[in-house]
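First comes the structure, then the notes that go with it.
In this document, chain identifiers A, B, C, D, E and F correspond to the written order of the chains, with residue numbering beginning at 1 in each.
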Amino acid sequence: MKKEKPKLIREDGLRHDGRRPDELRPIRMEVGVLSNANGSALVEYGKTKVIAAVYGPRELHPRHISLPDRAVIRCRYHMAPFSTEERKNPAPSRREIELSKVIREALEAAVFTELYPRATIDVFIEVLQADGGTRTTGITAAALALADAGIPLRDLVAGVAVGKVDGVLVLDIDQLEDEYGEADMPVAMMPSLGKITLLQLNGVLTPEEFREALKLAEKGIKEIYRMQREALKKKYVEIKPEET
Amino acid sequence: MSTTPSNIPILPKLKKESIRTLVAKGIRIDGRKLNEYRKIVIEPNYIPKAEGSALVRMGDTVVLVGVKMEVGQPFPDTPNEGVLMVNAEFVPLASPTFEPGPPDENAIELARVIDRSLREIRVIDLEKLAIIPGEKVWMVWVDIYVLNHAGNLLDASSLAAMAALMVTKMPKVEVSEQGEVKVDKSVHVGSLPLNHRVVTVTVGKLDEYLLVDPTDEEELVLDAKLAVSVSEDGRIAGMQKMGPGDFTVDEVYKAVNLALETGKELHSILEEYVAKR
Amino acid sequence: MKKEKPKLIREDGLRHDGRRPDELRPIRMEVGVLSNANGSALVEYGKTKVIAAVYGPRELHPRHISLPDRAVIRCRYHMAPFSTEERKNPAPSRREIELSKVIREALEAAVFTELYPRATIDVFIEVLQADGGTRTTGITAAALALADAGIPLRDLVAGVAVGKVDGVLVLDIDQLEDEYGEADMPVAMMPSLGKITLLQLNGVLTPEEFREALKLAEKGIKEIYRMQREALKKKYVEIKPEET
Amino acid sequence: MSTTPSNIPILPKLKKESIRTLVAKGIRIDGRKLNEYRKIVIEPNYIPKAEGSALVRMGDTVVLVGVKMEVGQPFPDTPNEGVLMVNAEFVPLASPTFEPGPPDENAIELARVIDRSLREIRVIDLEKLAIIPGEKVWMVWVDIYVLNHAGNLLDASSLAAMAALMVTKMPKVEVSEQGEVKVDKSVHVGSLPLNHRVVTVTVGKLDEYLLVDPTDEEELVLDAKLAVSVSEDGRIAGMQKMGPGDFTVDEVYKAVNLALETGKELHSILEEYVAKR
Amino acid sequence: MKKEKPKLIREDGLRHDGRRPDELRPIRMEVGVLSNANGSALVEYGKTKVIAAVYGPRELHPRHISLPDRAVIRCRYHMAPFSTEERKNPAPSRREIELSKVIREALEAAVFTELYPRATIDVFIEVLQADGGTRTTGITAAALALADAGIPLRDLVAGVAVGKVDGVLVLDIDQLEDEYGEADMPVAMMPSLGKITLLQLNGVLTPEEFREALKLAEKGIKEIYRMQREALKKKYVEIKPEET
Amino acid sequence: MSTTPSNIPILPKLKKESIRTLVAKGIRIDGRKLNEYRKIVIEPNYIPKAEGSALVRMGDTVVLVGVKMEVGQPFPDTPNEGVLMVNAEFVPLASPTFEPGPPDENAIELARVIDRSLREIRVIDLEKLAIIPGEKVWMVWVDIYVLNHAGNLLDASSLAAMAALMVTKMPKVEVSEQGEVKVDKSVHVGSLPLNHRVVTVTVGKLDEYLLVDPTDEEELVLDAKLAVSVSEDGRIAGMQKMGPGDFTVDEVYKAVNLALETGKELHSILEEYVAKR
């Protein structure tokens, strides 16, 4: 049965969990969490918890799917069966197949793939606990894992979802806001280059609202980017984006 | 697992360059302007045995959409609404790059983008499609069948889906006293109830230029694409960035404006199409 | 619930749709309807509507399934989900797998495969609307597509189904006659060579009925063959069968 | 997608020629006449725990068929009839050319040809297999298991299926007042009701000659095959042309006559088999 | 509905079918039963009936799964759909996948795989009728098929399951004893080498019971081994184990 | 079809030799004794949204287990009991040797060994998990997720499964008068009822030596392994010999004794873990 829609914006203008509309959830990042992968990171946006690992550059079999002038990126976004309210069948859903594609494309823009012809760089994203924004949390984690693997990047990639709930544009929506809101717009950028590598809109916005939402996303992404750099600094020296 | 495509056809370097050079001058290899669609022809009711159907030709791209109405169970969280299902098949007849087998990531992405653009703005009035609330509802199956892939499949498919829904008829249905549902598909009782119309405009980016309705050859040269679904009242009903490249924030604004503008033309074509019938 | 069996042969000896027992449905053929395929054709037998495309001869991957002395034929008969009364799941059914095989064998006899060692000739048949006789309509369309692709043929292949309904042998049965009839016998031939390349019987016939049915099929196939040649002439010059 | 087979064993050219030369003289490499079957042995009830079963040896070809009776739902369009399901497995134990995995096109074709020959003439009296009309009926699972492939699998399988059905026993079934169905497979209440008997005769064409019961080596040389299912009363209960070659109309008539004639012998073997039990 | 548990050990100390606790079911073995396979055997333990075939050593495709220094063993344990009380779906179940692995490992210890680098030895086990002990019956049959194929073995492998029913340890349990018993312990050995190659326990035993159960299994395996050698002698000369 | 693995990493011969030489002296390349586990850390409730969960680190091996409680139908032969389902995913993130796709034979074997060790001794009191007897029961989904494979996955997974079950909470459930079941996962009504605790100790054999808790490198050198599940009261709750090698009867006895002995230590760790909470 459809549960009744909860109030998403309170009388005082704050959100159901007490955040301001333009406020991120508490974010936690940790780089280099797995010993087997060449690079890895664990990222949490509130209760959303995602781990990413990168293997490669490594040889690709069968060879005929390799590229003569650059590496291919292989990317899998996958949800653990216990990550969702109801147990998720571990076989890849249509949603996971689509998200694996858009995440791959969001990361591909940042990787200097031409440095590794005929190789593959494999990005595995596992959603351990889902509470909204799993794809953007995954992109943020995957970018850290790529950097941790020592793969040269034009810039990091950071993502966040903006939503429209009870008519208000809000940053970094959680699952409740996604479920009962009017729009969900995940965005990923190479922040210091000012380039958008992922943009989806699930819902309806006026052109004006869209522009405002994109600005809100940019703001959130810049904050997340700062945290990414700190998380890497904790393990390494600071990453230097291509053109800043 | 999504993998960087490696089976894409190789476009001669010279052709790539001429596409690029022309676009910088504001024209296309087939003579079109950057904001110009190829010729669009919509044939309604191409599959008379389906409840709705339309064949769309967009240049050499051909997409057929059939709509089937079937009785099924509602989703648990919307017990009083019909169910919309969108599926796309990229059958190997349509292109040397399509393989037989279940839909790949491109077909799944296309179907899901169209699904969301129809679902979120509530193009179909699903609330009118309950038969026995909580138990039996109409399932609206929108099956997208690509017959010839000559570029811009998403816009052609989206247009064909909308055109098919606009001519979809409701089969007669009777509920017996014991609660048995009997459908008679040979008798129609009006049209599928629609709230809105949505079209999708995919804007391609090549260097710093933006263009609409890319051919398959142009798609091999584009840096990235941004698909924008536009409702008849000028709202954005969905978006999807596609391809491995990127957009600056400013380019995104321009692309959205181009899509909103061009979307009006596609809505006019739908208007003519429905008026002619 | 089983609907009541309708009267298939009327008092006046004609069929439910007014045809004589030995009369074909209205048939429409169009060659070269798709720009990507090397050859293509759209064929309608009454409300049955089938499109066929041919790609090749082209290279075959993986190589180990190629043949050193001739081309392989790959053939897929497939029904669109909206082609049938109730939506058909697009995954290949056991019926479609069987029909793909018998259609491949029906066409293979006509193709000079020895001209293209190590290559593949791919035949894709899509049933867009099904109203009986889809496999024979598909063969007729596929033969046109092969010719349109410029692949040398011993002869065209044309097909039609003969049925037994209300005890009467009838030509080119439609879905209603198939569903409620006593027998369905699809036949395909290389008409000017007088050779049968597909023959199936689904139902029960006496030996005498079988002979009569085969004659009826031959008659129908010759008419269809004439139309095939006209459809090709419309696009090209007339096809010349090997030994006529 | 069906593909011209490429994994078929290579028969030495010399052997091919000798098969061909002999056939032209009316004999076979194993000494048989053109219209002669290899030795046929039928073992009934080879799998006592199944409701019915039979093992057929046709020369070195070995096929085992098991029949399981289970309670299930009727098809919506035949609510008062039992359900017949025919399945064939070409397990890799039986031939170096068989691969593990779901049935391929050859196994599916074989199962469907046998299914049609049993179904169309109504070999099983399915109308007697309703338990609760419209709700619960007997499902008759006919599982064909090829144990050794030495040619002519279709005829051997068809014979084994018929032989297994002829010894199939009906398990005891009780319907409680609440409509619960309880099956006791340890108690039998008579035999599966049959209306007809059907055998299949596959006629091979080699040059202008016709022959029955080809071995696996002969099958590699044949131009094409025509399988004809023959009922005990001399009617044709199904046909299937197999293989990439062709038949003239006249050859088809001759093949059908040969099948009808030879079918009588197979029916005699079934008659003896049932008499012996 | 769960049927009531039957009495498994009678007042007289014998089992439900009249066997003593340490008594095997009637066992039947036949070697060389299929003409296509390089080796084959049919083995029955009571009503359990299993056929095994061996193909190889033969070439392995694709090559990259072959081993440079020895043969790979490929093994499939599979149940016929009519082998079980309720019809079994012929697609491999998780149980069949696990058993294929443990049976492969049980046989692999006995094969001189280093004699056939880059080759494969394929073992196919088909359960025709299941009445308990199918995996061990299958191993016994597969070992005979390997010997029949002329593949050099360190020793034959023979298997049997020991169970605990109504508190009593019993040899060679059948399906009823498996279903209602407290433990099922399948064991396989190279008998003259005294080496265990398969050991599973499904159920609960005290350490003492386990030791007793293993002794019982050893006893049964030795009897079965004797029958294996006789069955082979019937076809060939006696097999000579490596170190006896 | 199970195939001798060919994608296993190649360990340098020298390293193999040094592992072997050291073991003969009673020590390991990482300095441990033969009967010594790596450092074990258990983090309870790692996934707060699951009903139960635990992350186990055993050296560099990391396994996460989540337990989900869902309402489902009982098995027909145990109408009054809950249902236990154990599944393992070896996701490619955890090891360069893991491939995306459905569980392979190793993941299936691991899940089934753990399933049996939990099921046979009745670790979970399934009889207390009926909601409407015969119709609705609790399904306990134990999902094993390997995050980093550095050897001895079975023991780490078994420990994580047990630790997750020990902290699993029962969601609130209400049955309406019409028999509708309503679950509220935000409210907990006590813990999952457990009868026993089970741990698994895998003993590796290398030449004539036995050792516990092998690393992934050691696993490449082992002849065979014997996994023994040990209950808190010292009984054997399941066994599985793994790997292509063999054990003498005497070696098996020794391995079982080693497992029983070492199992006590793992039980102590579980005891500490539960006391700390």
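In the analysis below, a contact is a pair of C-beta atoms (placed from the backbone, for glycine too) under 8 Å apart; a residue touches a chain by one contact, two chains touch by 3 or more.
All values derive from a computational prediction rather than experimental measurement.
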| item | value |
| --- | --- |
| Least step count from chain B to chain D, where 1 means the two chains touch | 2 |
| Most remote chain, CA-based centroid, reference being chain F | C |
| Gap in Å, rounded to a whole number, between the CA centres of chain E and chain A | 51 |
| Between chain B and chain E, centroid-to-centroid distance (C-alpha), Å | 57 |
| Between chain F and chain A, distance of the C-alpha-averaged centres to the nearest whole Å | 32 |
| Chain D residues counted as touching two or more neighbouring chains | 1, 100 |
| Of all residues in chain E, the ones touching two or more other chains | 64, 76 |
| Chain contact graph, described as a line, ring, star, complete graph or other shape | ring |
| Ring walk, chain D to chain E and onward | D, E, F, A, B, C |
| Chain C contact footprint on chain B (complex, rising order) | 46-50, 53, 60, 62, 64, 66-68, 70, 87, 89, 91-96, 100, 102, 141, 143, 145, 147-150, 185 |
| Chain C - residues contacting chain B, complex | 34-37, 40, 47, 49, 51-53, 55, 58, 76, 78, 80-83, 85-87, 90-91, 122, 124, 126, 128-131 |
| Touching residues on chain C, where the partner in the complex is chain D | 1-3, 64-67, 71-76, 94-95, 97-98, 100-105, 108-109, 113, 183, 185, 190, 193-207, 210-211, 214, 218 |
| Residues of chain B defined as touching chain A within the complex | 1-4, 6-7, 76-79, 105-106, 108-109, 111-112, 116, 120-121, 224, 226, 231, 234-249, 252-253, 256-257, 260 |
